[in-house]
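Here chain A shows up in two complexes: once beside chain B, once beside chain C.
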Partner chain A sequence: MKTVQDRSDGTHTASPVRRLKLTQESIIVTITVVMFAAFALFLPGFLSVGNLLTLLRSVSVLGILSVGMGVVVISRGIDLSMVATLAMGTAVAVVLAQPNPYFPQGLPFWQGALLGLLFVLIVTSATGLIIAYADLPAVFATLAMGYVIYGLGRSLFLSGEANYLPDDAGWVVYLGRGLFHGIPVSILCFIAVLVITEIILRKTAFGLFVYAMGDNPVAARSAGVPVRPITVVIYVFAGLVAYFAGLLTAGAVNNINTRIFNSTLIYDVLMVVVVGGIGLSGGKGSMKNVVFGTLLIGTLLNGMIIMNVSYIQQNLIKGVILLAAILADTIFNPRDEQTSQQGDI
Partner chain B sequence: MKQMIKVIAAAALTIAAPLASGAQTGKMGINDPQRAAVYDALKGKKVVFVPVALGFDLSDGWYAGMKSQLEPLGISVDVRDPNWSADAGARAIASLIAERPDVIVAHNPDVQTYAKLLRKAEKRGIHVVQINMKSAYATDAFIGADYVDIGRRAAQAVVERCGAGTSGKVAIVQGVVTAAASAYQLRGISDVLSKHPEIKIVSNQAADWDATKARAITETTLQQNPDLCGIIGFWDGMDVGTGAAVKQAGKADSVFVVTSGGGGKAGCDNLRQGVFDLDISYDVPGQARDLSNAIESILQSGFKPGAYKYTLYTPLQMLTRDNLEKYRTFGACWTVDDLKSR
Partner chain C sequence: MFRTDLYRKWRYRLIPDHVLGEILSKRWIDNAIPFSVLTVLVVSLYFSLPGFFDAYAVGEYSRQFAELGLVTLAMTIVMLGGGIDLSVGSIFAIANFVALYCVHVLSLDPLLALVVTLAAGIGCGALNGVLIGYFKMRAFLTTLVTLIIFRAVVDMLLLRYSLEISSVFPDSELWAQIGDGALFDTVPYTFLIAATILVVAHIVISRMRPGWHLMAVGGSRRSAYNAGIKVRRTVFFTYVASGTLTAMAAYMYAARLASTGAETGKGMELVVLTAAILGGTSLGGGRGSVAKAVFGSLIVLLLSNALVQFGIQGGATALIFGLILLASVIIEVRWSKNRGKILNKVYVSPTYVRLPDSPPTEADSGSPYAVNDKLRRVDVIGLGQIEGPEDVILDSDGNLYCGTRHGDIVRFFGPDHTRHEIFAHTGGHPLGMAFDRDGNLVSCVSGMGVYKVDPAGNVSKVTDQTNRSWTSIIDDSRLSLADDLDIAPDGRIFFSEATKRFDLETWPVDVIESRGNGRIVCWYPDSGKTRTVLPSLRFPNGICIALDGQSLFFAETWACRISRYWFDGPKAGKVEILIDNLPGYPDNINRASDGNYWLALVGMRGPAIDLALQMPDFRKRMSQRVASSNWLFPNINTGCVVKFNEQGEILDALWDLGGVNHPMVTSMREHQGYLYLGGIYNNRIGKYKIPGADPDWQGVATYWGPDWRAKK
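And now, the complex of A and B:
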């Protein structure tokens, strides 16, 4: 059962309930530190600066997506359409910048990128409107919207899956694989997205509303929070974050392959959020938890590749960790019988 | 004598008359006696293609090639796109068995999923041709790469490059582990490497045909083994990620990247830019031709489905940056639009 003190968690006054959250966080931090130390001791080369940067870079896109997902989950929602937005927004930008049925000459890439942004704004607003005003459960609405976004993009704009970046997309390549004073730019992008989002969540009315809605949507509405418009904004925000992650992905491998939609990436994102300790029942957690989750998964993946663990065993280990995280989540963040409803996860 | 002149004149007339009249009405030469029967056997037949997905160079290439060769003969070519879902593909084939087209062209996501369905289709009188990725069940025809051979050639290339004087360290980036393309290729590689103890496999990971995963794996492998000598990737569409990681690490010259694919334009561009060093091509335009020819001969044969089974392995092309111009005249560096307008 939630208490007034618990709710104040979102408004970051210290409360005894914090102790509980700290327990879950401390578990994650301990696991990460122990694993990190073990790898550092037993895997030669793990602790090199190069490998640590590789580790961070390989999870920076995952981390950025988890920031967007984190905000949605804090507001007691979920966005399963993020990977579709990532793939299609970026692919639309790339395709329009090449000769295509709409612009036979192909647009300069920055114009294509703006139209990709417009595409993302339109489809994610639609997602938000459906959830906010038609009151559909987010898990089903976004699952369906993922297919709608993918289908729209494929049928309206794309002829194929692999869409190579045009030559004038240098800034995207810089984002994806450039170096800034020896540090991969994609890591800096992840940090920037994290910091900006944390400031929004902590210092703005919007952030306060997000926590209030996640804690108890009915109470939030009674208290005068514009729940429906804020819901739309939250899904648009997640979409924009996904689009940014998409540009980074395209920059890293020089093309965007829309088949990423069929991958398990979205579950990896959920895993980071849940493992990090943002409760699926909403209202709890912060960007700090995204950092923990991302570092844990990044360390794990990096270590498993270095140890040359087979593919099937890697999936097994990931699955067990996700299961353990959900178990921990239900213990530390029990469902609130007063405010839970059908469709919540 | 008069009689003889008459005969000669008559003979001359009989020979000249048709020529003369032929010149007037255009009936020169003789008709091909089999021609009509061939077109009759093909006209109005129905071919349905079930790829693992449309939208990537291989499947789009085969589809375009079949359409451009078979449709002018009066054969309809349709497609059912399961979009990377083996389930949806199995459902598509099940409904085709009820629909009864003349030929199903199956592109198997793995060696098991379609096996029973393909047998059932043949029992129901539908011919089945498999393209490039095999099922465990052999049907009328298989057209495609010999993946064991690709694995051997890739391994051989790496052995030549990574022998004495190098670290001998090699990494493998697989696709989806259950696909015929991955499993058979791995066997080919191990056939060769088992005879070369100087080569050490330092990493053998699966990237699910995904460039981003291939990139992350390769980055970590390179960090761990800065003296890596060679990488064998299983598909050029995925290995743009592998190659990007090698280039990023500044090791494009010291690490030898081998991959394989359909020999399309993207593969050629990547060879030219040094993302790959060797791209073993299974020549999709050639495969599309083989596939269409197999369909034509099956439709003319009149044999019952499954009565005769044969395999046409595609002649492979070893594409490198230096021989692209030569292979371009043999169909390499193609685009889907090229195949549509062929």
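And now, the complex of A and C:
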């Protein structure tokens, strides 16, 4: 455990890299603070309680997704199917709770939610199995699985795109919109997911294995780490996190719109992870980086919305920032040619 | 027993087992699966959807193919270099917009518009190329992000100009022809253009230097870098090529549909990727071709059109394409991973051989091969200084030449042979050697061909390829294991290639097969051409021109026989078996001072391996299930030197039975009363005093006359 903490904290004496990494992290914190201050000064309404609550709420879904993505990326994987899981898992739960061809009266919502959970478990296990046992590059498997999950959900369960929550889903609405002593519950959910994940990564053998795999999968395997089963568990974990984020999304706006699959949400998530400082080459970073990344991207997105930047222009700006983030990542965390595999693109 | 033998003999003579392995080792075998998928698809669509292939529909498909095929080619080129380009869909949309804006709004000439469109594509591709090639960013994520950026740009432009574009109808006849025109009203022009581009791309990728560099970079970046290929620049240009080809496709699309919809090119990367991988282009790079791109795009094209005709909804289409992509990637990954394993299992294909009974070699048997210890007390030259002197030769000054495993030809200075120098470096293991009329040392270099070393030590190539035989599946024009040679009076060089299915590393496997994999090849000094003169020999090895100057003796190692081949004179073209029941495996043959010939037996036959040669299925099982280090091999640790005459009688045998100084002999050369002995796994050269031999006799003099030295 000790070595893992050393590595992720950067307290180890790997001098030049460590200094650069510290610089990257502090730069992000500084940028966030400066941007926040600038928005607060120059954007009317940015600092209002209502807007800050909106910011935190919108950030919480992004943050929860980033936690899942963060774990996958630490293990040197990537999951591009998370948004599909988010949309389709939740949609399955919602649809089954309405009158539908399978259950003409509609199920109680908690049963629908359980079936949605089952759907997520099945498809994400499939993703994990394909990556772990068929040796497919994760980018491909998850890109294709995104379409499979979406198509499966569309053709098996859905008729329309917007699917409204049933009346007995009050707890989902509470999760999405409720306040607990004045604090949005969704924020508490984000913090809970963050803390639990951080504990898992730090204090369990599973967490140790995740870092070991990200550092050098071949060495981890030689050392006896059950790389394949752990890989499956990692993708199932990411899927569960995405499903939870989906329930929160549905609770916040009272419905789940499957068009979210076609949005650029997954790139926002990637941006959070990469900008936050979790290197795509794996083995580095922790949930702290997710917090940094989430705050920066959340502030940026919220500011752009208030400034009335159009959706298309937002995409452009986000794209350029993401490109810069990946470029920085390439420079600060160069890929190890010794352990990068054929087909690892 | 007799009947089973007869059955085996004909079964292995009639069924060419080795063909399967050779087919599997072909590069085009990867195309077999997509090609059969395509065939099945075409046949089943023809019967299940009436009218699917009527003339109008086929014309429509060929227009779609022109566009999809070019974008798939773009993706293929990038993938060959080890990358991926997910931004093709967005580049397609940008180029589509640029073409429409140029023709509709700016009213440019369509050809000028083409230039501008291509420039836009090149610009987008160059951005990807700089980021991925020069900054070494990850291809997948980078192009994923440029996909968003390009798409955002196109969305902004469309928002502003789409109305303007769709309100104008260009009156350019050329533009209309590009969109709708067809040669003889049947073959669309766009299809012809795309087909031309595909053919050119095929030639560039498979036959020209940029293509080889591309394949090398994709196959192994580091090796390509070490070989001096500019890796970053190559990667950069793959993305530029991708952008250009995509822009070309978009230009055709713009001319055909004039569509300003925001959906243009959306999801195209997935379709194109599916097409490329279905065709068999591999993800890691280095494996793929234009043919694969064509197969893949045809399959995807027909499939998507069929899905539309079957009336399948959007969600299900995504599902089906996602599943096809997954399945084909899984097959691709598994196939490229296990292909080598399958090939190893299938490649070795033994055949039936029944050798004549071996003559006895016991000391008291009275046989001419009877063992003795004459070679036990040979003098030793260069002990520990050389490795692998397969052949030795002496010039008229008594200097001794031999090849080594390290690719050198070493010269020991006569007459005492204590000092040596590296005479020349060939780069491959020099095997058989001979002097030509002009004093050049000609040598068979394994893995390279036949090379010539002039008296100053300069190496030059004589030949490294022969005519390709039409019945051979593997390309047998390259010389993979040239073994021994001799030079006819008129300068023709006859040399043996031991096997064309294996190389110097794996040649022992050839004995497991014992098929006629070798041949004798002739190089003609007048024309400079090289032709195979005797094909299908079982490991032809030693070659020696007979003293009549019209024929040569050659040894077939695994057949344990010596034959004589007439290349001139009244019996020209004839082959006669001289000795067919040697007790061991013959290697080099050279002239002796008394008008007879020396023959090295590299190893002796044994009853177990002789029996195994009659059981090809046993050898096949062995090669598949047992590690090669545990295979049953012939003995090549103990052999002997024998002398035979032109009637095929054995006159003498020299052994080192105790295995002290020279147990293993692959070659021997007589010179001034001594016999010099070489061995391919030895670290020395033996020197044996021949009792009663002519002390002035020189081998080279019997070829080129006593004044050969003066000419030199």
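Structural remarks
Note that in this section the second predicted complex is superposed on the first by the 312 of 345 C-alpha atoms of A that agree within 3 Å, B and C clash if a C-alpha of one lies under 4 Å from a C-alpha of the other, contacts with A are read in each partner's own complex, and residues count from 1 in each chain.
By definition in this document, contacts are C-beta pairs under 8 Å (C-beta built on N, C-alpha and C of every residue); 3 or more make two chains touch, one makes a residue touch a chain.
Since the model is a prediction, treat every value here as computed from it, not as a measurement.
Touch criterion met: A:L280 reaches chain C, while chain B stays clear of it. Looking at the shared chain after the overlay, A:N302 reaches chain B, while chain C stays out of its contact range.
In the superposition on chain A, contact of A:F206 is made with neither chain B nor chain C. After overlaying the two complexes on the shared chain, residue contacts for A:F103 are found with neither chain B nor chain C. Once chain A of one complex is fitted onto chain A of the other, the partner contacts of A:L158 extend to both chain B and chain C. Once the two complexes are laid over each other on the shared chain, residue contacts for A:W171 go to neither chain B nor chain C.
By the document's definition of touching, neither partner reaches A:F332: not chain B, not chain C. Shared-chain residue A:I312: touches chain B and chain C both. In the superposition on chain A, the residues of chain A contacting both chain B and chain C are 154, 158, 312.
In the complex of the two chains, the chain A residues touching chain C come out as 130, 134-137, 139-141, 143-148, 150-155, 158, 264, 267, 270, 280, 312-313, 315-316, 318-320, 322-323, 326-327, 330, 334-335, 337, 342-345.
Per the touch definition, chain B reaches chain A in the complex via residues 53, 55-57, 60, 83-85, 174, 177, 202-206, 208-212, 215-217, 219-221, 223-224, 237, 240-241, 244, 248, 266, 269, 336.
Those residues of chain C that touch chain A in the complex are listed here as 82-84, 131, 135-142, 144-146, 148-149, 151-153, 155-156, 159, 222, 270, 282-284, 313-323, 325-326, 329-330, 333-334, 337.
Taken together, the chain A residues at the contact with chain B in this complex read 45, 48, 50-51, 54-55, 57-58, 61, 154, 158-162, 164, 177, 249, 252-255, 257-260, 262-263, 301-302, 305-306, 308, 310-312.
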